[in-house]
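Each chain carries a letter (A, B, C and D) given by its place in the written order, and its residues are counted from 1.
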């Protein structure tokens, strides 16, 4: 196949790397690239770690932190001597420790019932410090909870497969997307690129192309959208056979960009289809119907297609 | 009527759906599309639920949560035995329960008066946990209150009706908008689309057009603005009669976009007029006057128009 | 003077209003337009009121709220009877009230020393409610403090006067701006418009023009910038005399837009010069010098100009 | 050397300043310009000071504030007379002061154990006020912690040196950048400018140019990117010798702009290379390889280059 003039220099830095066995872009939008050569901390961001872990892990971390800090302070009070805490049950070491520990939790959470209270300078300094640490911990948790909750979340639904369908006397790659949420998406802009392997002067090289779309902007996005790239003269797939297509290790790279009226921000979403996810000879069936005068979209059928000969 | 070359492929995914009896776009900017086929949780966003409910419901939810959690913990303390709470009035079950409940509220809010205080490991663990739950609840409420308050709110005032008015020897659709707030709106950009039904080769189909506007950007937006679409040769309404207009089930879809200097963000607003909201043969009366040297805009008259023959 | 083809339709909604005696745009970026016809609350935004008042007023409001709520609750406890608060000094009404009031402040702030504590269901319900109100108040204050502090603040320094200076064999309007802060402003874009009165066919009408600038974008904005509009053939001021200029009630409307690297947001700033603030026949003196190898900008001299004959 | 038509008016306000001995743009993105002539407070922003200081200083400031405020209040209680605090150890002045101080910390943090509690109107007013100050302090700290954590942080890795390498039969300036973090950067846009000194009509003047790049946008930025400016006819470096290059006091000014999918915001980054950081006659060695089917980027080698003759 000849190189066409739509070939792009935009190689995303992957260049002509051979023998890559993983897809470039994962379903979650991350790239399959490993970083090495620098210490862990230079690329680690603690805030993003805490923002992106699951809720279960987040709560577990808070409980762990709570227990850990209170143990530390409980040992601190014991080391000073439990007699510095008025009201501690002094009858045994374990009772002293328990009372110290719960005095600690009452201080850390600023509940401060007062049945146990610090006496003398050392115990008072430590408990003041603990209240300060407690308040700062909850200040941080407040920010993290807000960060976790207010983070824009664009739940786009993609058809599991892309299809190569008949289109205007030729063929086209199509896939379908829908807005899962009730939010309004405006000023939608999409772009589709492809990575594939080609024979150039007997050598097998990786090429990157941007693909022309039937439509790449949308003012509103209330229902679903079928993204269409036609196999016309400008397409790298022009006159490609199914066999050639499958041998070329195609990976489609999709970028979706829209203004989300719930977050008042422009959000992006990326997605990819590799060659095994592209069905050659199929077309999608409609998912919009009218029910009692209302348009209804059936999201469960977003991947519904029929095999057709092309 | 013949199709003209301004016809757009941007059909917002509605395609050629017939028998739709609801307007596409509601006054609040949401689209009339029902989603089905996926479980509720896949499109539900808890944060946005809590951000967008009314203040009354929000406060009610907090009070309900507060009561519910304290009941749970009160039962917890009772189950342990009220004797684990020093200072509880043990004289009757109901007194024990009341004291347990209010010990719980004092712990949850971290007031901790201390008249009642936990004794022993179990009660102390539960009350520590409750203080933690309380602090996290208020951390969350802090974020939600901030989210509710700081959410950009663009209160545009639209004339209730659009009018078809005489314009430069022909006709034009006009409607009027004003900025309700004292905020400064800059870099305003608007666009107007239309959905209508046309006879094409004997078949009645839905078409979508973008409509040319007399002006579609504004540097400042201090007063009011009359949006004008002229019925010129490029308009789908060119030489349309009132009867044709009314039969075509016109729905105007309007998008407003501006930078709001109070939120430091670009905000969007959408609005629609259906055919019954468009007055054929009318023109708006002025709403700006000078009072003691000051320009004054009379927002109560934004929809004021006179019937005219066209 | 003839209308030239640079005249713009962008009249900002002010149209051809006569006898306006106030400037259009104030120094703080707000427009001089009064709104009437709608109830106060439709344009009032409580959050923005609390965000934009001075710090003194903000603190005063918090202290007032604190006192007010505690008085309400103190009366509530008194109405129930002070005997429902264990530890209250019952010897006189005023002592009861004081103890009720300070029990209230201790509850509202969740300090809860416990010297006074509620007894019985009614007092416990009220004090639980008060703790809840207190926590929500401080949740709100937390958000407001963050909102007040984190609000982008672009302190641009403008020369007090614009000047009409000799420029390339003709004249130009110039004014000078500088970035007061150490923040980095990138991708700067500016635009300048003018409102003036002209004689057209014997009638005095208000016209609006956008003015061409010598330069209207800047990649970086580290020092100062002289904005220059030349009186060339396309300018509405072309061949205008000083007398004509002063009679035309010129008001320059300036919009500044830049990405602020401290807020990670694009910020806007507006400013205006009316005819009495424009010095005819003057030029600015340099404010950048080198001191010990370092460029130094003298912000105190931003308005320094010399009178010149033009 | 003759001036070419790519010369730009964008002189960033530096104009033709001579004898500047510091670089224009520091590695941290700030410009080397001193501001004078205005009082400190006009350019000082307290929030940004607190947001941008190191964590160590931030914690130190909080601890200092905590100690300071509590000392003030402790003196306040002592001035009133420690007998207004029930439970204070009255045996000596120092014991009174310690108990007053720790009563203050228990009030400020709202722990309120209650072993010591205020008696009478004055002590109660002061302690109510202190609890209010405490809650507002922690409200502020909550906001600052969130601000510090949620601040977009774009850690780009730049090659320490730029190189002048052979390129398409001529030469080019190249430097290499990589994304240190796992975040996705989309819609990347870069621009490169240069400040240099030239002889024009026997006079040595500073000129500013924008430099054409082989590529200045990138859809994705998953790995690394070599920014390339070719010394073609339009370049100010066209046919420049190494000696001329070094005498011209070149400083490259780079602006990087991308959408960061973790912050849902467009972020900017600036960087500069001065002449001593530009290696004449060198080319970068590859840093991307395949390990077990995975692309691997070796960030430690980002500055790895070989000397070549050009």
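Note that in this section a contact is a pair of C-beta atoms (placed from the backbone, for glycine too) under 8 Å apart; a residue touches a chain by one contact, two chains touch by 3 or more.
Everything numeric in this text was worked out from a predicted model, so none of it was measured.
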On Cα atoms, by how many degrees is chain C rotated relative to chain D, nearest 5?
90
Chain centres computed over CA atoms; the one at greatest distance from chain D is chain B
So chain A and chain B: same face meeting same face, with over half the numbers shared, or different?
different
Comparing A-C with A-D, the one with more C-beta contacts is A-D
Can you work out the whole-Å distance between the CA centroids of chain A and chain D?
26
Roughly how far is chain A from chain C, going centre to centre by Cα mean, in whole Å?
37
Chain D touches at least 2 other chains through residues 106, 110-114, 142-143, 146, 265
Interface with chain D, chain C side, in the complex: residues 62-63, 66, 70, 98, 101-102, 105-106, 109-115, 138, 141-143, 145-146, 149-150, 153, 155, 157, 180-184, 186-187, 214-215, 217-225, 259, 261-262, 264-265, 288-301
Note: in the complex, chain B contacts chain D through residues 110, 112-114, 142
Where on chain C is chain B touching in the complex?
9-10, 12-15, 17-22, 24-25, 29-38, 42-43, 45-48, 86, 106-107, 110-114, 116-118, 121, 124, 127-128, 131-132, 134-136, 139-140, 142-144, 146-147, 151-152, 191, 193, 210, 253, 255, 257, 263, 265-268, 270
